[in-house]
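Each of the next two complexes has subunit A plus one more chain, namely subunit B in the first and subunit C in the second.
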Partner chain A sequence: MNPIRTRADSPWGRGVGLRVGGLSWRVSPRALVVAVVFAVVAVVVSVVSIGGGDYPMSFGEVVRALAGRGDASTDFIVNQLRLPRAVTALAVGAALGLAGALFQSLSRNPLGSPDLLGFTQGSATGVLVATVLAGGSGLGLAVGAVTGGVLTGVLIVLLVGRNGAHGQRLVLVGVGVAAILTGVNGYLLTKAQITDAARAVLWLTGSLDGRDWKQATPVLVMLAIAVAVTASCGRALRTIELGDEGARALGVPVDRVRGALLAVAVLLASLAAAAAGPVSFVALTAPQLARRLTRSSGPNALPAACLGAALLAAADLAGQRLVPGHQLPVGVVTGLLGGGYLIWLLTTERKAGRL
Partner chain B sequence: MTFTFVRRFALAAVLLAAVAALSLAVGARPLGPPEVWRGLTDPGTDAYTVVHQMRLPRTLLGLVVGAALGLAGALMQSLTRNPLGDPGLLGINVGAAAAVVTGISFLGVTSFAGYVWLAFAGAGVVAVLLYGIGGGRGATPARLALAGAAVNAALYAYVSAVELLDTASLDRMRFWTVGSLAAAQTSTVQKVTPFVLVGVVLALALARPLNALAMGDDTARALGARPALVRGAGIVAVTLLCGAATAACGPIVFLGLMVPHLVRAVVGPDLRLLLPYSALAAPVLMLVADVLGRVVARPSEVQVGVLTVVLGGPFFLYFVRRRKAAAL
Partner chain C sequence: MTAPASRLTASGLTLAYDRRVITRDLDVAVPDRSFTVVVGPNACGKSTLLRALARVLRPVAGTVMLDGERISSWPARKLARTLGLLPQSSVAPEGITVSDLVARGRYPHQGILRQWTREDARVVAESMRATGVEELASRGVDELSGGQRQRVWIAMALAQQTSLLLLDEPTTFLDIAHQIEVLDLCARLHAEGRTVVAVLHDLNQAARYATHLIAMRDGRIVAEGPPAEVVTAERVAEVFGLRCRVIDDPETGTPLVVPAAPSIPAASDVVKVT
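Presenting the complex of A and B:
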C-alpha cells in the first residue's frame, strides 16, 4: 500500500488562521478562491444575460448602464426591466445552494436536498392551494410557498423521528412524501381554471420570467440572515458532522444549533421557491460540486452559495437562448441537467461502494 | 393447502365481483341492484345507456389496468429484490407518459394505437435505464428509490416543458398526467387488453424461474433457470404491463407497491401464488379507489390516480418507518 497523501496536508487545502483582534477564523484559501471565482462567473453570466433579449446590448453598454452612466433608454431597460430578473436569479441560486449545503450537512447525506426530501413539493402544494382558493396573487403565492414548505418540514421531522435524521430513512421518507405531494399537486391542478392552471404549471416548473424587486427582496433579506447564522454556526456544524456525542462532549449545543440551521435552511428553500418556483436540483448539485472543487469536508456553505448563483444564472441564460423563439423556464433546464447529474452521482457512488 | 387455496381464490373472486358491481352502481346517477341488472341486459332502459356508455368501459378498464399494475409491481419487487419496487415510484410510468406527451405534441399522434407503442418505448427505456443505474439486483432500496426519483424529476421537468410550450395539449394532458379512468371507452379497453394479456401470461410463466432466482443466481442455475433470460423476459413483461396501463389512463403510483405487500402478508412469498393473487387484488383496490373518487367530492370527481397516492403514500411511509434502516 502506498502512503496516502492528500491536499489537506498543505496549508493551501487545510486552511490558515486569520486573526482580527480577539476573534479568529480558519480560512481555507482554496475554498475562498472557488467562492470568488464562481461569484465572478455568476456576475459575468448575469451581465451577458442582461445584454440579451429583444433589444441586444454589448457587455460594455450593460456595465455602463449598471454603473449609472448609460443613456436614458439603456438605463431604463437594464436597471428597471432586466436587472430585477438577474438579481432574483442570483439570490435564488445562492439561497438554494446554501440551503442544500445546510441540509446535506445536517442530514449527513449527500442526497439530503430540499427537492428530494419533498420540501419543494410542499411549497408547490401551498402555492397551488393559494392559486385555487385565492386565484393566486403575488403575496398569496409567497405565503402559500412558505407555509407549505415549513409544514412539510415539520411533517418530515415528525415522520423520521428523533434518531433517524440521517441515513436511508430520511431519504425514503422524503421520497414518499414527495410522491404523495406530487399526486396532490396534480389533483389541485385539475381543480384550477385553465388560465390559473397554465400560470401554476409555469410556476411549478420554476421560472424567472417577469420577476421584479418584490420577489427578490425577501430572498435577499433571508440570504443575509442565513449567511450570518451560518457563519456563526459554521464551526459547530463542522463538529456535529463528526457525530452528536462527540460534538456534545466538545461543548456544542447540538440540538439548538441543528434546530436553528434547519429553520434557516427550510426558510431559505421556501422563500426561493416563492420567488422563482420549485427550481429543481440546484440545491442538490451546488454543494456536491462545491465539495469536489474545494476538496474539503464540512458544509462548504460559501462556495456552495456562489456556485448555486452561477448555476442558476447560467441555466436561465441557457433557457433563454437554447430554443430560438421560445423561452424555456429555468426549472426545465435545471431539471434536465440535474436529473442527469443525479444519475451520474448514483452511478459513481455505487462504483465507489459508498451507497 | 388445496382447501385454503380454493377458499382464498373464491374469496378474491367474490370480492372482485362485488367491487365491480359497486363500480357499475355508484356515480352521478346511482343505480339499485335491479337497475344494474336491467342496465346490463335490457337495451330499452336509461340504465342500459348509463351502464354501457359510461360505467361498463370504466369498470373493465379499471380491472385490466389494476391487474396490470399489481402484477407489474409484484414482478418488479421480485426482479429487483427490493421491497420498494413500484413501477410508478421508479419512474417507469412517467417514462411512458413522457413518450406519450412527446407523441401528442411533436409527432401529432392522436390515436390510442399510437399512444400504446410510444408508451411501450418510454417504459422500456426507463426500465432498462433504472436497472443499469440501480446496479441491477445488487441495488439497495434507497439507491433504487433515488434512481427512480431522479428519473421522475428529470422526466417530469420534460413533460411540463412540453405542456408549457403547447397550451392546447396542457388542457388535455393535465387530466391525463394525474391518472384517471373517467375518459374510458370500450375501444380503449379492447385495444389495451391484448397487450396486458400477453404481459400477464409472460409474468405468470416467469413465476417458477423467478422463485429459483430469489435463492441467488448460482442456485437458480443449478435448478435449471437461466438468470439473464428470466430477467430480460421479466423486464419485457413489466414494460408491456406498465406501458399499456399508462397509455390507457395515465401514470398511477403506489398501486404496484401496496398490493404485493398486502398479498404477501396473506399468501406468503411464493410467486406462483403471489403473482396471480396480486393480479386479482390490485383491481379490487383500483376500483375501490375509483368508486371512492366518484363519491367523496360530489358533484365532481377525484381522479383515481390521486386516491391511489393518498391511500398508498401513507402505506409507503408506514412501511419505511416500521422497518429499521438496516433491514431495508
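Presenting the complex of A and C:
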C-alpha cells in the first residue's frame, strides 16, 4: 500500500463519500451532526415552550397532544392556540439562519446579513408606509414587509452594479441604504396616527405574540423552495467563494447562480420579517456559529438553518420565562443576545489579529 | 513554412474593462502541444488576454475560437473540462483545507447526482502528489506560506484535468528552487501532451522552458516565435526599456539576458554622506 495515497485520502474523513447505485454525494458528518443536534434542540425547546403559560402542561402531555392523543382541552390549547406560534418561531428562525448563510456567502463577508445590509430596514419601511397609508391591517403589514424588502433588494442591486454584486461593495452599499432607511422610518413614524404608530412600534421590535398559521404558512412554503434551490446551487455557490474569475473558469454560471440565490435570500428575509417583525441578529449569528461548530468552509446552509430555528425558539422561550409575569418580545431577547455575541466576536477576532 | 495547427486562436480581439480599452485588434494563436510563455511589462495586458482566451472576460470585438467553434458557444462545463485557467490572484474561502480546495477543481466533472466518485478522489490525490502538497492535505490554506499556497492552486487547476492549461504567473511567491520545480512540472505536463500557456516574468526562465514565446507591450504583441528568435538585446530594450546583453545559457544554450551594468555615479556626486 502506498503510504502517500492513504495520507492524501485521509482528509476525506471530513467529507465522506456516499454511494447509492451509480449516484454519489459527499457529506460532511460533522455538518450533519450539527444540523441534526440543533434540529432536535429546536423541537425540544418548542415543546417546552408550548407546555408553559397560563395553563402549564408537562412535556409528555404536550407530546401526546401533538401526536393527536391528548384530551379535548389539551388538544385545543396545544394544537389550536400554541402550536402555530411555536411553528412560526421555528420557520422564522430557520428562514433567517438560511438567509444569513446565503448573504454571508454571496458577500464573502461575515457581516453580510439582512439586518446590516438594509433588507430588514426596507421591510420596516414597507410596514410603516402600509401603516400610514392603510392604517395597518394584519395583511397590509405583511404585504408591506415583503414589498419593502424586495424593493430594497432591487435598489441595492442597481446601486452595486452588475459587476460588483459581491464582497466589500455590497456590504458598503447595504450599510448606506440601511442608514438612509432608518432615517426614513423615523420620519414615517412621526407621520402615523398615534394608535397606528403604537402598533407599528410593536411590530418593529419583533414579536411572535398571537401568531397563527396565516403567518407561518408563507414562510414555510418559501423555506421549502429555498432549501430546494440551495441544494441544487450549493456546489456552485461553494465554487463562487473562490472568486468570480476562478468560478467562471470552472464553468459556473456565476451571474445566474448569484441572482437566484440573492432572490431567495431576500424573499426569505422579507417573509420572515412579515411574520415576526425585524428580529435582529439571528441571521448574523446562526451562520457564524454554524461555521465554528462544523469547522468547514462554505455556506453551511443546513446547519445554519437548524441553528437559526433553535436560536429563535430559545429566545422566544427566554422572553416568556425570564421576567416572571412579564413577556419580553422575542426581538428584544435576540437583540440583547446578538449584541453581546457581536461584541465577543469583534474582540476575539481582534485578539486573533484578524481585524 | 506553414504555421502549426492551433486549437485555440483569437482574431481581431478588442478587450476592455468598462470603457477602458486594454488591447485593440489583437490576433493570437496558441500552437498545439506547445509550452507557450507570455512575457511583458506590468499592466501590458497579459492577464487580460488570458481571461479572454478562457472566456472569463467577454471581448468587446473579435472572437476566440476553440476546436473550430466560437468559444462563446461552448457549454460552460464542457469548456471547463477542456480548458483550465489559474487566475493571477484567487481568494481561498476562510478555513478551507488544502484537499477541499483542490477538490473544487473537480466541479466541471460533477453533477447534482454525481458529486463525488472514486475517480474524483484519485485525481485529487494525484494532483496533490504532482505538486508536492500531499503532506499538507489536511492543513488550512490560510496557514500556508505563499509558495505552498501557489502550489495548492496549481493542484486545483490540475484536478480539472484539461488538455489546455492557462497559468497566470504560476511562479510568483516561489523561491528559486520551487520556481524551477513548478516550471519542470509545466514542462512535464507539456511533454505528456497538454498545451500549456503561462505568464512568466523571468525572461531567462521563459527562454529556457518555452517552445513558443509571446512578447507583449501596451496591449500589443511585439514579437512571437521560438525563444532564440524572440529574445534579442534590441527586443528586450524595445519591450522592457532595459539595456542588456543576450548570451547563450551555459546549461541549455537558450538565450540568457544579462542586464547591462548600471552606470552608477560616484556616491559623492549624489549625496554627501557624513
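Observations, loosely collected:
Here is the rule we use: the second predicted complex is superposed on the first by the 331 of 355 C-alpha atoms of A that agree within 3 Å, B and C clash if a C-alpha of one lies under 4 Å from a C-alpha of the other, contacts with A are read in each partner's own complex, and residues count from 1 in each chain.
Criterion: contacts are C-beta pairs under 8 Å (C-beta built on N, C-alpha and C of every residue); 3 or more make two chains touch, one makes a residue touch a chain.
Every value quoted in this text rests on a predicted model; they were computed, and no experiment measured them.
By the document's definition of touching, of the two partners only subunit B reaches A:329; subunit C does not. Once the two structures are superposed, subunit B and subunit C can be ranked by residues of subunit A touched, with B on top.
In the superposition on chain A, no contact is made by A:140 with either subunit B or subunit C.
In the superposition on chain A, A:245 contacts subunit C only, with no contact to subunit B.
In the superposition on chain A, contact is made by A:108 with subunit C only, not with subunit B.
In the superposition on chain A, contact is made by A:253 with subunit C only, not with subunit B. Applying the stated contact rule after C-alpha superposition, one finds that A:52 touches neither subunit B nor subunit C. Across the superposed pair, subunit B and subunit C touch subunit A at no common residue. Those residues of subunit B whose C-beta lies close enough to touch subunit A in the complex are 84, 88-89, 133-135, 140-143, 145-151, 153-158, 160-161, 163-165, 167, 170-171, 174-175, 177-179, 253-254, 302-303, 305-306, 308-310, 313-314, 316-317, 320-321, 325, 328. Those residues of subunit A whose C-beta lies close enough to touch subunit B in the complex are 111, 115-116, 159, 161, 164, 167-169, 171-173, 175-180, 182-184, 186-187, 189-190, 194, 197-198, 201-202, 204-205, 280-281, 326, 328-329, 331-332, 334-336, 338-340, 342-343, 346-347, 350, 355.
Interface of subunit C with subunit A (complex): residues 51, 54-56, 76-81, 84-87, 89-101, 103-105, 107-108, 110, 112-118, 121, 124-125, 128-129, 134-135, 137-138, 160. Those residues of subunit A whose C-beta lies close enough to touch subunit C in the complex are 4-5, 7-12, 14-15, 17-18, 22-26, 108, 232, 235-236, 238-239, 241-243, 245-246, 248-253, 291, 295-298.
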